[in-house]
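Below are the C-alpha cells for one structure; questions will follow.
Every chain is named by a letter (A, B, C, D, E and F) in the order it is written, and numbering of its residues begins at 1.
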Amino acid sequence: MGEFSHFDQHGNAVMVDVTKKKETTRTAIAQGKIKVNDEIFEKVKEGSMAKGDVLGTARIAGIMAAKKTFELIPMCHLLMLTKCKVDFEMLEETKEIKAVCLVKTTGKTGVEMEALTGVQIALLTIYDMCKAIDKHMVMSEIHLVEKTGGKSGDFVWKES
Amino acid sequence: MGEFSHFDQHGNAVMVDVTKKKETTRTAIAQGKIKVNDEIFEKVKEGSMAKGDVLGTARIAGIMAAKKTFELIPMCHLLMLTKCKVDFEMLEETKEIKAVCLVKTTGKTGVEMEALTGVQIALLTIYDMCKAIDKHMVMSEIHLVEKTGGKSGDFVWKES
Amino acid sequence: MGEFSHFDQHGNAVMVDVTKKKETTRTAIAQGKIKVNDEIFEKVKEGSMAKGDVLGTARIAGIMAAKKTFELIPMCHLLMLTKCKVDFEMLEETKEIKAVCLVKTTGKTGVEMEALTGVQIALLTIYDMCKAIDKHMVMSEIHLVEKTGGKSGDFVWKES
Amino acid sequence: MGEFSHFDQHGNAVMVDVTKKKETTRTAIAQGKIKVNDEIFEKVKEGSMAKGDVLGTARIAGIMAAKKTFELIPMCHLLMLTKCKVDFEMLEETKEIKAVCLVKTTGKTGVEMEALTGVQIALLTIYDMCKAIDKHMVMSEIHLVEKTGGKSGDFVWKES
Amino acid sequence: MGEFSHFDQHGNAVMVDVTKKKETTRTAIAQGKIKVNDEIFEKVKEGSMAKGDVLGTARIAGIMAAKKTFELIPMCHLLMLTKCKVDFEMLEETKEIKAVCLVKTTGKTGVEMEALTGVQIALLTIYDMCKAIDKHMVMSEIHLVEKTGGKSGDFVWKES
Amino acid sequence: MGEFSHFDQHGNAVMVDVTKKKETTRTAIAQGKIKVNDEIFEKVKEGSMAKGDVLGTARIAGIMAAKKTFELIPMCHLLMLTKCKVDFEMLEETKEIKAVCLVKTTGKTGVEMEALTGVQIALLTIYDMCKAIDKHMVMSEIHLVEKTGGKSGDFVWKES
C-alpha cells in the first residue's frame, strides 16, 4: 500500500530526500481543457491566425510558470527543465480549448508537477484574456497524460 | 457584443488601463475539485485531523499563490489583497476534494484571477502530496463562483 | 545643484521616503533599439505577420518585467501599475527594431524605471529568440522619452 | 542559413530541447555603457571611492539579476551559474560608465543571456540612482563580447 | 486575552481581512545582532571604509528582502513600502554587528514583518560574506524595537 | 589567515567561481530559537496538536524560503536542494520554540545559507502568526550546527 512521500513519520511535511537518486532523463505530459462560449471560441480561433493572440500569450505564460513550479508547490524540488512546450487544440464540437504541456529534464525527480502547472497557468491565462466577454468558463479534466523515467517507472493515463 | 480587453486595436496584448477606475471593495470566490481514489481520500481525511496535513499545506500554497497572480498571468495587475482564504470540503460520495478560495481587495480591478489561481495551486499541491500513491487524480469544474464590485457589476455562477 | 536621492547623509543606500508624497497619476514612456542583421530583420518582420512571433513574445516579456521592476532595481518602490504596453517599430533603413514602453500608475513615485525595464527586457527577449542566427546584435539608445506627474514635474527628452 | 531555435515548425514559441546536450563549461562576457552628464560622472567617481556607492549597488543588482534571467526571458533555461561578476570602467573622455558582466556555468546551454541581463540591470540601477540629478542618460552599445563552450562554438565580437 | 489573528474559528490559516481598515501611516523599526570573531570584526570594519564592503552588500540585501516579505511569510499582506533603510553599528566590546531596519508605509496593515525580515536577511548576508573565515557566527536578539500607526496602537520595546 | 571569498582583489563583491569544484553530497543543519510569552507558548503547543497550526505553517514557510535563498542572499549560488526539512522543539523551561533546518544537495557549493534561511523564515513566520497576542518575542542563538561535504571540510558547532 502506498504512503505519502511528503511527510515524515511524525506527519510533518518534508521535501523528500532525493540525494541518492540517479540523474536520468524524465518526461511528463499533462493536459486540461477550458470550456468557453461560442463567441469566445470564434474569437480565439481567429486570433490565433490574425491578431489578438490569446493562445500565444497563454503558451508563454504556461512555459514561464512551469519554470516557477518549485516556487509555487511547497514540497517540489527545483529542477533544470531541459525542454518545455505548450500546445493547444480547438475542440469544435464541445467549444473547448485543450492545452497540452510537455516537460523534460535530466534530474533526480520527475516533472509531473511542472507539466501540470504549465497546463493550469496556460488555461488561467486564456480565462484572463477572455473574461471581459463571459465569465462562465470552466476548466476541467486536468490530469497527467504520461510520464517516463525515474524509479517509479513509466505512467500512461487510463481513461476510467 | 463583448470585446477582448487585453488587446489594443492592432491585436497586441496590453495590460489594460485602469488608471481612472475608482478604488472600490472587490471580492471574488472561485472553486474547483480534485478526484482522488479511495485510499487517498481516506488518508487525506485522517491527515486533516491527526497528522500528515495535506490540506493545511495546500491551503498555504493556495494563499501564497494568490498573492503571486500578477507574476503568473501576463496581463494581470498587481493588487494588494486585503483578505485571502482557502477552504476545503471532502465530498464523500464522489471521492472528490473541493477547494474554495475567497479573495478581497480595495482596488481598481477585480480579484477573479487571484481566486482562481488560489484554487488551482491548492489543487496542484494536493496532487503533489498524494501522487506517490496514485497518479490518476483529475482536477475539474474549476470556475468563478461569484464576484462583487467594479464597473462590470456583480456576477453569480449559474449552473448551465 | 542636484543630489543623489538614494543615499542618506552618510552615503548609505536607502529607499527614499515617499510617505508624504501625494498619490497622483504618473506616466512614463521609454524606448530603445536593437540592431540586427538583414536575415533576422526579415524573419522577425514576417514572423509578426504569420508565425514565429518574436515580437509577440518580447511584448509579453517586457510587460511582465515592468511589473517586476521593484524586485530588480534595489532602491525602487513597489508600485501598482495601472497600465503597461510595449510597442515595436521595424526601422527598415537601419535594420533596427525599436521598442517603446508606456507605463502608468496612480502612486507616490514615478514609473520611469518600470518603462525602462520594460524596454530592456523586451529587447533582451528579441536577442534571445534571434541569437541562434547571429550574435552580433547591439542594443542602443535606450532612454526615457517623457514622463508626467509628480513633484519633479514633466520631462520630455531633448535630442542633444 | 540559420533558423530561429525558439519556435517549432508551426511557429509556436518553445523552450528548446537541450536534454541530450552535454554539460560543459560555458562562459560569456557582455558589456554596455551609460552616458551621463558631467555632474553625475564626477559624483559617481567620487562615490566609488568614499561614500554614496552607486557602482557597488549596481554591481549587486546586476549579479542578482543574472541569477533571475530564467524568470525574465520567457524561453531561457534555468542554469546554475558557477560564477558571476560585474565590473565598471569610468570613460573620462566620453563621460560614459561601462559595465562588463562575466558569467560561467557548467551546463547544457550557454550563459549569454545571463551576462547581458547582468549588464542591463546594472546600467538600469545606475540610471535609477542618478536620475534625481538628470534624466537625459542613455544606455548604448550593449552586446555580447565573447562566449566559450557549447556546440555552437566560441564567439568573439567583431566591431563592424 | 489575545487570540491568534491568522486562523479562522476552525483553526485554519487565513490572510486576515483588512479590507475595512483605514490607510494610515505606519512605521516599524526592528534590530538584531550577529556575533563574529575578532578577525572578521576587523575586516568588516576596514571594509566599510576602504574596500570589500560587507555592510554595503548586506544593506542592499536587507532592503530588497523587506520588499519581498509578502512572498516569504505566508499570511503577510503585500504592502507598498514608502521608505526602507538598514543601518549598522559596530559594537567594539562584544564584537557584534548590530543591524537596524526602519520601514514605513501608508497602508492598511503594519510593517513589523518587513522590518524584521530586513534585519534577518541583512544579518544572513553578513554571515554569507564572512563564513569563509569562520562559521561560528551567531545571530541573536532579533526583535521589534518600535512601531507606530494602526488600530493596535504604538509599541515600544521594553527590555525585560 | 582567512580571506573574504566574496570579494575580488579590488574589494568588489563577486559570486565566487565554483566552476571547477566537484559535485559532492553536502548537508547542513542550522538552528535558532524564538522566545515567547506563556500564553503564546501554550497556544502554539495546543495548536500543533489540534487546530490553529502555527508550526505547520512555519515549517512550510521555512522550506519554501530555503529554496529561495539564492534570490535573497546576493552572492549565493542557486542550488538544487535534494532534501529540506524543518523541525521544531518546544522548550518548556525557557518558553522558547527551537527551529532546526536540515538541507542536502549534490552540488558544487554548500548549503549552510539555505539551512540558516530556512530557520530564519520559520522563526519569522511564528512571530507573524503570534504577534497579535504579544510583540515582545525575541529570536536568538541562530547559527550553523553542522555541515558535511565540500573542500572546506566538515564543521561541527562548538559551544564557546
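Keep in mind that, in the parts below, a contact is a pair of C-beta atoms (placed from the backbone, for glycine too) under 8 Å apart; a residue touches a chain by one contact, two chains touch by 3 or more.
The shown structure was predicted, so the numbers you read here are calculated from the model rather than taken from an experiment.
Taking the mean Cα position of each chain as its centre, F sits at the greatest distance from subunit C. The pair from B-C, B-F or A-B that reproduces the interface of D-E, where over half of the contact pairs by residue number are the same, turns out to be B-F. Ranking B-F and C-E by contacting C-beta pairs places C-E first. The pairing of subunit B with subunit C is characterised as different-residue: of all residue numbers used at this interface, under half are used by both copies.
Measuring from the averaged C-alpha position of subunit B to that of subunit E gives a distance of 31 Å. Once the centre of each chain is set as its mean CA position, subunit C and subunit D turn out to be 16 Å apart. Among the residues of subunit B, those touching two or more other chains are numbered 12-13, 53, 56-57, 60-61, 64, 68, 71, 74-75, 78, 80.
Taken together, the chains touch in the following pairs: A-B, A-C, A-D, A-F, B-C, B-E, B-F, C-D, C-E, D-E, D-F, E-F.
Within the complex, the subunit C residues that touch subunit D are 1-7, 10-13, 32, 39, 43, 47, 50-54, 57, 60-61, 64-65, 68, 71-76, 112-113, 116-117, 120-121, 124-125, 127-144, 147, 152, 155, 157-158, 160.
In the complex of the two chains, the subunit D residues touching subunit E come out as 53, 56-57, 60-61, 64.
Across the complex, subunit D is touched by residues 8, 12-19, 21, 70-71, 74-75, 77-80, 107-108 of subunit F.
Interface residues of subunit C facing subunit B in the complex, by the touch rule stated above, are 25, 56, 59-60, 63-64, 67-68, 78, 80-85, 87, 104-106.
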